[in-house]
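Both of the next two complexes hold chain A, though its partner changes from chain B to chain C.
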Partner chain A sequence: MDFLIQLVTDPLGFWSSHTLLISQIAINSILASSMFVVLYSGQLSLAAPGFMAIGAYTAVLMDIYLHTPLALNIATGTVLAGIVGIVVGLPVLRLRGVFLAIATIGFIEALSLGVILNLPITGEGLGLKNANADPLGGINLVLVSLVVIVFLLWRLTKGRLGYAWTAIRQDELAALSQGIDVPRYKLIAFVLSAVLAGYAGGLESHLNFFVDPNEYGVPRTVQVLTFAVLGGSGNVVGPVVGALFITTLPYVFQQAGDYIGIVSGVILIAVIIFRPQGIVGRGGFAFVRPRWWPTARASAPSTG
Partner chain B sequence: MGQQILNAIFIGSIYALFAVGYTLVFGVLDILNLAHSAVFMLGAAVTYTLVVNHGQSFWLACALAIVVAALMGLVIEYVCLRPLRRRRAPPIAALVSTIGLALIIVAAIEQGRPGTLFAWLWVDGANSVSLPGGSFPNPTWNVAGLTLEGSKLAVIPISIALMLLLGYVMRFTQVGRGLRAVAENPRAARLMGIDVDRMIALTLVISSALGGLAGILFGVALGDISPYIGRDSVEVRGLAVIVLGGMGSIPGAVLGGYLLGFIEVLAVVVLGSNVRAGVAFAALFLMLVLRPQGFFGAQLRERL
Partner chain C sequence: MLLRLDNVQRHFGGVRAVDGVTLEVEKGAIQGLIGPNGAGKTTLVNVVTGYVPFQSGSAWLETDRISGLSAHRIAGLGIARTFQNIRLFKDLSAVENVVVGMHSRRPDDTLAQLGTLPVFRRDQRARLNEAHRLMEAAGLDPGEVAHRPAGTLPYGDQRRLEIARALALQPRLLILDEPAAGMNPSEKQGIRELIERLNQEGLTILLIDHDMQLVMGVCTRVAVLNFGRKIADGTPEEVSTDATVIKAYLGTGSEREVSSAPGATGVEEVADVVKAAGRTRSAAEPATAILDVRDLSVSYGAVNAVRGASLRVAAGEVVALIGANGAGKTTILSALSGLIRPSSGTAVFDGIDLTSAKASTIVRHGLVHVPEGREILGRQTVLENLELATWARRDQTAAAAAITAVMKRFPILGERRNLRAGTLSGGEAQMLAIARGLLARPRLLLLDEPSLGLAPQMVDEVFGAIEEIHRDGTTILLVEQNALRALAIANRAYVLETGQILLSGSGDDLLHNPAVRRAYLGG
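What follows is the complex of A and B.
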């Protein structure tokens, strides 16, 4: 509670004493918006940490070996994540629902356990030291990025692309029969999500003196998915709220001490039971709803 | 080589037993029960605590641990799943509530130290422990250069017998027919006079009992009992197994379990232990891209 009291009574002190936390919330929010893009287009892709790893390692390696400026490092990592996104997206986007989720888990685990932990250049299991990190100064860049990304995604979802994604999410076959180029729009969403995750990875690596290979595995992806589901993915604000909620939970309930895991679990269950569609608005998860699942409408559309 | 094959069959049996419970819930409910790996861990932890801290006999401890796991199945149903079904939530919401429960179970064990709230449940905190040598029967033989440990050997017939029993129940008994009817179409099943909620509760009980037993076998035979064995050893691999075998297919999960055991052991022999997990997930990724329906999932509609 001290945490919330300080936020209200002493915002400036809060800002200076919790700079790292605020940056982390913003990074997590960017990740959540990366998850939002794929969910909004009806794809349960869990590949975000893989693209993050690509963004982070590329940025740090360029800094160590080429001494290029930060902007170029992060940009290269982002572009590389996008390219890998195209390569991975082309074969896996034929899969739907849980199958896509598990294929993307296969991708991130193969990448982190098979590649990153075994290449000498990535420091194998030891990770990489990032001497030029700037944990406190990076916050402005991170916050500006978050605002720009959220705004762009909000505009995108209100435009042609957003309508195409909504159509695909609600019923892929119907979208196809309306002349929407479904594979193309799905790939756009997947690659955009990869780019955002790569960018978040690059930013995060700039805030930490150490790139930890264990950060980019399944626990991370489960966490990011929880942001999106708990916040609700009907619009871009939902996942951001989810990220904010979950990232600050341990601070808000500081008194729980060692029992924070139990408190968090209870709160997760309570929130999802009372707001099944997410904290913000309707979830729009028709694409993973089994055909027998009871819906509010009189006749549920068959989702296969 | 013989020893390696034996290891593959042993670890494959554990994977299969764990995955059968996973796939049973998915087949009936179309939900991934992410608390399953926590129940796996709880089975092992309860057995250890009863034997070491409460001085019970090994067999009684095992029986009680299976009962606890089965009760946990009821908790999953009544706390995480039924309220969401009542509120017509999208199935992906169940992902968050089961993650929440898994978080609670793992945190409760993790915090268990002498003098804390959960000291009666666990006193070793985050450490990995093993049952003391004399506390369970473990005859060891040396045959033709192979070391045969009774505790590992026993895993194989126990798993196979239980999976055959489950197959028999599903195929030939009234309960099994009811479960398959619910999996096929809950609305029609309800019209036929089947108590759908009770069938779902029963599914969770069977699934969790099998998961808990898999945990006991794993913890006892490998001598590795910690709050993290579920998350680290079987959670993602269990997903891989049920995908390899075709989602919701019990024979598929059994075959997938043994296949993953062999792939992993083969990867260790051929490529060294570093890339073991990476290879398994690369195989999973390829499998999904090339044959998304799994081995037995050709007719996705026909489950269990």
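What follows is the complex of A and C.
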């Protein structure tokens, strides 16, 4: 509770004492947005940590061996994640539902066993030292990135692309009958998701003096999926709220100590039972809006 | 010529779903496509719209070759379709459903809308206005339904919304797959008027429906499929008097006994067979009934599938329940066996109330349902399927004897006892389903469409088996779309139309009743 009290009574002090936490929330939020894009197009892809690892390792390795500037390092990692996204996406996107989930977990495992844990250049599983990391200085870049990404995704979901994704998510066969090139739009979503994850990985590596291979495995993917499910994946804000919620939970319930796992588990179950569409439903913040708030559309009487 | 199909083929394994169909649809026409269940109509539509790949043959939309293209390309070229079992984007609002339909003719605005919000707003307003117009054209009130999630709309409105969404493609050809299925007569009239209005505005329509009154009334030409082949093509008058068509629809009494003389209607021939069998039949409802159903109504959400049906079955009878697709036959059987609950009415079987008893209790009392589509366990062997049916019995020696007995009755099952049930042919699978039903020791056996999708020879065998079971003392309530065949073995029959009992009487009387033919052919 001290955490929330400080946030209200002393925002500036909160900002300076929790800089790293705020950055981490923002990075998790970008990851959650990456998950949002695939879920919004109806694909249960769990590949995000893999692309994140590509972004992180590429950026740090470039810094170590080529001494190139930070912006170029992160950009290269992001682009590389996108390219790998195309290569992985083309075959894998023929799969649906839980089969796609398993295939993408396979991708994470293959990347982890084949590259991260095995090659001398990636430290053979011991991780990489990142001497030029800047844990506190990155916060502005991270926050601006998050705002821009959420804005762009919000715009995208409102346009032709967003309609196509929604149609595919709701019913692939019906989407085909409306002239929507389903494989193409699925691939676009998958690659965009890979790019966002790669970017988040690059940013995260810049905040840590050590790139830890254990960060990019299946537990991370489960965490990111939880952000999206808890926040709700029908609206771009949902996964961000989910990331904020879950990342701050241990701080809000500091007194819970080692029992934090139980507390967050109970909260998760409660949300899923009482609000299965997520904290933020499809209608944005309709749920937190008071009853008397003017709504844009006249509510039709429900006779169904 | 707008659409031209040339020798289109599509086989699934050994099943010739579409077997060399050649069809031409003229611009501005309303072309009907009819045929009994399993004739290949929907498969043909799926091939033409790219959902199922072409096997051989070709298809052209005016000068565009569409065979071999993917479904979204074909939609983009201007073939819009609706689906037999409505496929709306259920969680999207009605108006959003229609906006999705504009996808293929909407310029890619992805980059534009990231920056130029006002332009996007203006375009979006234009799209919404157009969507409202299309909904009005399909007979919906946009003010009422536009912002409701599509899945919450009444059934008839969902059908109309699917048409509005299809119109958003600005199609050259609109394919309607059973648009009037499950509708009551006044809703059907509305659909009919809608189809006529769209056609007057210049749209070419390919209409598939089981409602003959609708098809014969609205179409300029009608093609008939049976077993994947086109058996007739012409004006509604030509088609509805065509001997092959009548035979395909009403079924034949028996391939062995009925000559297929040209010009024969089929009805008289079967009547002769029935007379030859020389059974006495009473048209009156029995005074004492083992099954007594009164004013039974069943609804699925907004659809009233059965409306106030009453029927009685006496011990030892074979009673047939006939009627066109969607008439409510299967729904009645499901309500009797406790799989779905009626909304009103009573149904009593041997003293137990079927409207409230558990499905397992109903089976224990001897009312056994052999469902449409058989529902056998494909990965288990024939013997295992039969053994599962006796699983609940205490006396396993008696159970083994019962299994031996049904294998004797159906020798083909004895021969195939160790084969996986999934490898059986349709007729053999039907035998297995009936055998499994018999092992539940029925006093009343409900048979749902036992001849569905079977070749004529197999139909003979299945009906032979049904007659034998009846001779051994089991009462049977039979639902069948092969009406003549069912009437030939039934003591009495009920004709069902859009959820209501239209007629009842002895098999003989109904065979000669013009209303029966109308219920099937709409003539």
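Just so it is clear, the second predicted complex is superposed on the first by the 281 of 304 C-alpha atoms of A that agree within 3 Å, B and C clash if a C-alpha of one lies under 4 Å from a C-alpha of the other, contacts with A are read in each partner's own complex, and residues count from 1 in each chain.
The working rule: a residue touches a chain if its C-beta (ideal position, glycine included) is under 8 Å from a C-beta of that chain, and two chains touch if they have at least 3 such contacts.
As the structure is a prediction and not an experimental result, all values here were calculated from the model.
By the document's definition of touching, neither partner reaches A:Gln254: not chain B, not chain C. In the superposition on chain A, A:Ala167 makes contact with chain C only, while chain B stays out of contact range. Of the two partner chains placed by superposition, A:Asn132 touches none, neither chain B nor chain C.
Contact with chain B, but none with chain C, is seen for A:Leu95 once the two complexes are overlaid on the shared chain. Look at A:Lys158: by the touch rule set out above, it reaches chain C but stays clear of chain B.
Once the two complexes are overlaid on the shared chain, A:Ser16 sits clear of chain B and of chain C alike. Between chain B and chain C, it is B that contacts the larger number of residues in chain A. Chain C meets chain A in the complex at residues 49-51, 70-73, 75-76, 80-81, 83, 87-92, 96, 99-101, 103-104, 106-110, 113-114, 120, 124, 144-145, 147-148, 152-154, 165-166, 168-169, 301-302.
Note for the complex: chain A touches chain C at residues 152, 155-156, 158-161, 163-164, 166-167, 170-171, 173-182, 282, 297-300, 302-304. Of all residues in chain B, only 26, 30, 32, 34, 79-80, 83-85, 87-93, 95-97, 99-104, 106-108, 110-111, 116-117, 185-187, 231, 235-236, 239-240, 243, 247, 274-275, 277-279, 281-282, 284-285, 288-289, 292 touch chain A in the complex they form.
Of all the residues in chain A, the ones that touch chain B in their complex are 44, 91-92, 94-95, 98-99, 102-103, 105-107, 109-110, 112-115, 117-118, 218-219, 222, 225-226, 229-230, 258-262, 264-269, 272-273, 276-277, 283, 285-286, 288-290, 292-296.
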